[in-house]
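First chain written, first letter: the chains are A, B, C, D and E, and each begins at residue 1.
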């Protein structure tokens, strides 16, 4: 009864009557989509894209998986900036809010603890595998990082006490590690070969693996901290200089 | 070998250096200002060096990773790009100094100091990454890479806008973030349409393949809408004034002077270079009409505002209109390269608007509010700030020695030459509106308050006042640099040269 | 950079640099400020005299700064610019001395004198401008630098006056800009030159060129206070007396009048204007302004307001002279009135300022018997007022004489009528003041008398009006001498084929 | 070819649905959801563009790389937007509470 | 044969995607919408597999289901907490109830 009332109230709040303006928007969006759809269906794709170009340069890229080759070699600069975007999201979140108070010691069911104990290491293993596998099959830093992040979320959800004991500078270093290794590699390539991100002959595979590992760690940490929803309590200004 | 003056590797410095600086600023909590300052200085130096390289060697392309297009990403320098880079570097340096002064002043406040310390802690990395994004945008020669830099800019700008922690600013910033995301997605959809028609992402290659067919036109429309959202052209401007007016003073400067210019610069490149062959006159007229509405609407709104920062923000809306009114006028061949008017407006606006927001921020710091009614007597206590405000206002009005005057001259010439009267009328009406809103505030500054009601405040540091004044002076005397700027613009912008055979100076 | 260019630059800098330094000086440091002001103005006058000699002997003074194709800044010293520059710089010196005395002890003086110096720099810039773009640049700058002076008192009334001034001036500036651009799209980039543009354009673009002429005259007419555009001037009377002197005699109104001269003589040229047939229009506006200003002046009791309307009326003599551009004598009359009106009007304003500052007199009805209290001031006032009416041997007579001769030569009888009527009106609104002041009996206390100085008022307030009054007399007496405003104006007119 | 078209159109429709929701709904979370759906739509078109049926040639890896980065970025931006939405609510609640409290305090002693 | 099965699969997948998208965007309850969004993400991963994009599918599965969902839920919880906290600041009873619903949600 009470719940029904609540829902009714929400309904009233959230869905205004279907007025003229909405109808207009609907109509406009409909027109837009129809137009774009017509263009899509009328101009079939004629050019083949870059598949051929990538395939022809595949063996110079140092990895077997074409996606990884594009991500970390041919268009490594994009990926470098994307990693920065991820870091930026964390900085933004930290600048906005403190992490919400942990809920007071509610005891976590032993089943959940067991699941966490079992799952977290497995996920880490899977992540490591994915990163390593990235060079020749599906997988790579992003996927590995995502799995790591999911593991982090799992740990955060189960309110493990030692999580709060991690000093902030460790977190900061962890966050910066991937981007820093990436930029560092790019710059050392610049000094060795004269061009940014041009891996020296024969080292491409290893360097890509290095970057991927570091990035996967940072991405995982980033995603987990994004879930954390704010800067850690102890992140006071001036107090965490390493 | 890398550090020689003629090495092309300098081109990556404006992107990579602020990136590293951003990482370091995030990692360390002390001496962040020093890192930022060194970065801004090197950035300015490199911008000048790149212009030197452009003048000596012509346009340069840099293939990242050694992979040539279409497979790799290339950076390239040409006149417009480097002028925008220089503009960012100059204003960036001023902003860095100003932000330092701002935070020192705020942190000295015994009551709220710690909050501002925390703001400063996050300001520097965000600002450095934003700088990297802007520089990357100006230099990039790859349409998807541009998307990434747009994301970089959008996210850092939204985070910066929310930094002040006030509910109003956070609400505005949320809206800004959503709009920015919507813009990026529309842009990405445009890229998709592009890629499936042309199969390449590199702008240089695209230029030769951009043909007039529905897919490309749809792509152009989508890219344009996406960028217009970010540039805040009327009627898509609704998010801009609250976001710019409620942010911290240095952030307002960054948002108004630089961030909107980033997305506008892309529009400029797409419409004047990449897609110039397929752009129709009616499309240009449409953009011009929007610009005209923006000039008038923004001006009227600016006059109606009760708060100084909101007034300055609406003035941005109005000034952005000038950038677009140049679109329909660019097609007349009068011997004067009218498209360069856009660059002049952008440069003047960047400097003048920075100075204006800095001045507004100083007034806010000094009085604790920015209600226009109660600004009496500020001239006596903040002479330099008021002077900077006045000079910046003069530049925004487009009075003679400012860079905007040159632009206005070109636009008027073009509109009279092609007997398109209405544009000339709008341009003049816009500058009269600017006169009204600038001097409405100015006259309050000059009022001698009836009683000495000004409370005792700590004097503002030179770091707060001088950057504003210097930027305002640059804006005011920009037209004296016009021959030099035109010379740079004529270097290496191949597409523009093709569009205007013999039209370049 | 040759010596001529250096000279032009230093003429501008000689007031610009003191102005900037004065801005930075602390408020209390008035001795250094006064020193800077006086040094600057004396240096400026001597430099301008050097330039005049150079111009007389045919040297070329020119600085060209190209901006974009078709737009360049051009500073150019020709006889006409020398006339205006000399007038402004001499009167600036006197006004500065006067302002130092007038503002003693009032707040914000460093701002005041800073803007004062900038204002004169800009006026000299207008004088030296060699093409329409440069003229426009300084013309707009003039509005900006005088605005703070107009609202210097910071009261509600002065703010309103300042607002109106801005709206009129920038409105005019906008019209002017459009006209300049339009003209350039038709005849191409051009410098000021004696012949104007080629008459061949008249066949192809006749009506448009007439319209452009009207727009240009509207643009400068705002500052010259031609009749429908004069609204700002009487309101601006709220400013301190030195500022009024500056507005009326040295800078603003004069800049407008000078603009009319430039447009008529150097942009369009006599032949083109005759072909276009727009001169009667100018003559009509000038006549209306002359008569309207005089009539309005009659109705004012406020002394400064009466002087303001008198300015509106008198400046239009210049426009009237220009409207008979084919008659050399009329042109001489108009040109020389630029100088003469400045001298007379500044004297009147100095005296009005003295009365207000020393005795608190603002209204004519309060002036009974004031000549006995301040004989020197009123003597100067009387000379200038008689000049305004056009009584020989003052300079006012010279101007009207030449205008009248020009009108006769052209067979314009109505012009003589206008001159006579306006002189009668001038007499009507000036003579009662003189009679009241000299022969009236003092009634009760002066409104706000302050005893200052050894003489009737401060020395610094007394000397400038006396000097200008003497010049008004002397320049009239020796008008035919080798060195006089009239002689220089004749030299100018020789350069034109009218 | 038809498969590409079908999936592309699906993506387009998703984009449109997201856009419509984004415009008309006012709840912040709903808006963020809408953005996510729009992003999925764009990604779908992009991937569908790259698709070639099995055995008919190489798959174009460039769009895949683009989508991959796009997904990761959209997740991080979503997180940022969510936190921002929460903060908006928290801070405006706080000021709201302050505002509703203040008149009570001022009224108290008077009455 | 295989093509027809594939086409059938395609149409079912597409229809489900569209239906889910519509439901999650228009459902009145935000919580439900978030749950629908998670399933939408998983289905999207399936679509990526169908489009021969295993890399993207892996990322989508891990991110869409493993991260975006929890992110939304956490935000929802946070928003609900502030909203309820706003309504009844001091009611202990209410707070307990909230906690219960919170734990239920997670």
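Convention: a residue touches a chain if its C-beta (ideal position, glycine included) is under 8 Å from a C-beta of that chain, and two chains touch if they have at least 3 such contacts.
What you see is a predicted model, and the numbers here were worked out from it, not measured in a lab.
Chemist: Give me the chains shared as neighbours by chain C and chain D.
Modeler: Touching chain C as well as chain D, we find B.
Chemist: Looking at the contacts, which chains touch chain A and chain B alike?
Modeler: Correct list: D.
Chemist: Farthest from chain B by Cα centre, which chain is it? Let me know.
Modeler: Comparing chain centres, C lies farthest from chain B.
Chemist: If you average the Cα atoms per chain, which one ends up farthest from chain E?
Modeler: C
Chemist: Quick one: most central chain, C-alpha centroids?
Modeler: B
Chemist: Looking at contacts between chains, which pair has the highest count of C-beta pairs?
Modeler: After counting contacts between each pair of chains, the winner is A-B.
Chemist: Measuring from the mean C-alpha position of chain A to the mean C-alpha position of chain D, what distance in angstrom results?
Modeler: Here chain A and chain D have centroids separated by 15 Å.
Chemist: Measuring centre to centre with CA averages, how many angstrom lie between chain B and chain E?
Modeler: Spacing between the chain centres: roughly 39 Å.
Chemist: Just the number, please: Cα centre separation of chain C and chain E in whole Å.
Modeler: 78
Chemist: For chain B, give me the residues that contact two or more of the other chains.
Modeler: Chain B, residues with two or more chain partners: 144, 148, 151, 155, 158-159, 162, 170, 195-196, 201.
Chemist: Give me the residue numbers in chain E that touch at least two other chains, ranges are fine.
Modeler: Each of 55, 59, 63, 67, 71, 74-75, 78 in chain E touches at least two other chains.
Chemist: Could you list which residues of chain D touch at least two other chains?
Modeler: Within chain D, residues 13, 15, 19-20, 27, 30, 32, 45, 49-50, 52, 59, 62-64, 66, 68-69, 71-73, 75, 77, 79-80, 83-87, 90 contact more than one other chain.
Chemist: Looking at the whole structure, which two-chain pairs count as touching?
Modeler: In this structure, the chains touch in these pairs: A-B, A-D, A-E, B-C, B-D, D-E.
Chemist: Could you list, by residue number, the parts of chain B that touch chain C in their complex?
Modeler: Residues of chain B touching chain C: 334-336, 379-380, 383, 387, 390, 394, 397, 399-401, 406, 408-410, 412-413, 416-417, 424, 428, 431-432, 435-436, 439, 443, 446-448, 479-480, 482-483, 486, 505.
Chemist: If we count contacts the way the header does, which residues on chain C are in touch with chain B in the complex?
Modeler: 23, 65-71, 107-108, 111, 133, 136-137, 140-141, 144, 147-148, 151, 153-155, 159, 162-163, 166-167, 170-171, 173-174, 177-178, 181-182, 184-185
Chemist: In the complex, go through chain D and note every residue touching chain A.
Modeler: So the residues of chain D touching chain A come out as 1, 4-5, 8-9, 12-13, 15-16, 19-20, 23-27, 30, 45, 49-50, 52, 57-66, 68-69, 71-73, 75-77, 79-80, 83-84, 86-87, 90.
Chemist: Can you list the chain A residues touching chain B in their complex?
Modeler: Answer in residue numbers: 35-36, 39, 42-43, 45-50, 53-54, 57, 73-78, 80-82, 84-85, 87-89, 91-92, 94-96, 172-173, 175-176, 179-180, 183, 186-187, 190-191, 193-199, 236-242.
Chemist: Report the residues of chain D in contact with chain B in the complex, numbered from low to high.
Modeler: Per the stated touch rule, the residues are 15, 19, 22, 28, 31-32, 35, 38-39, 42, 45-46, 49, 62-63, 66, 69-70, 73, 77, 80-81, 84-85, 87-88, 91-92, 94-95.
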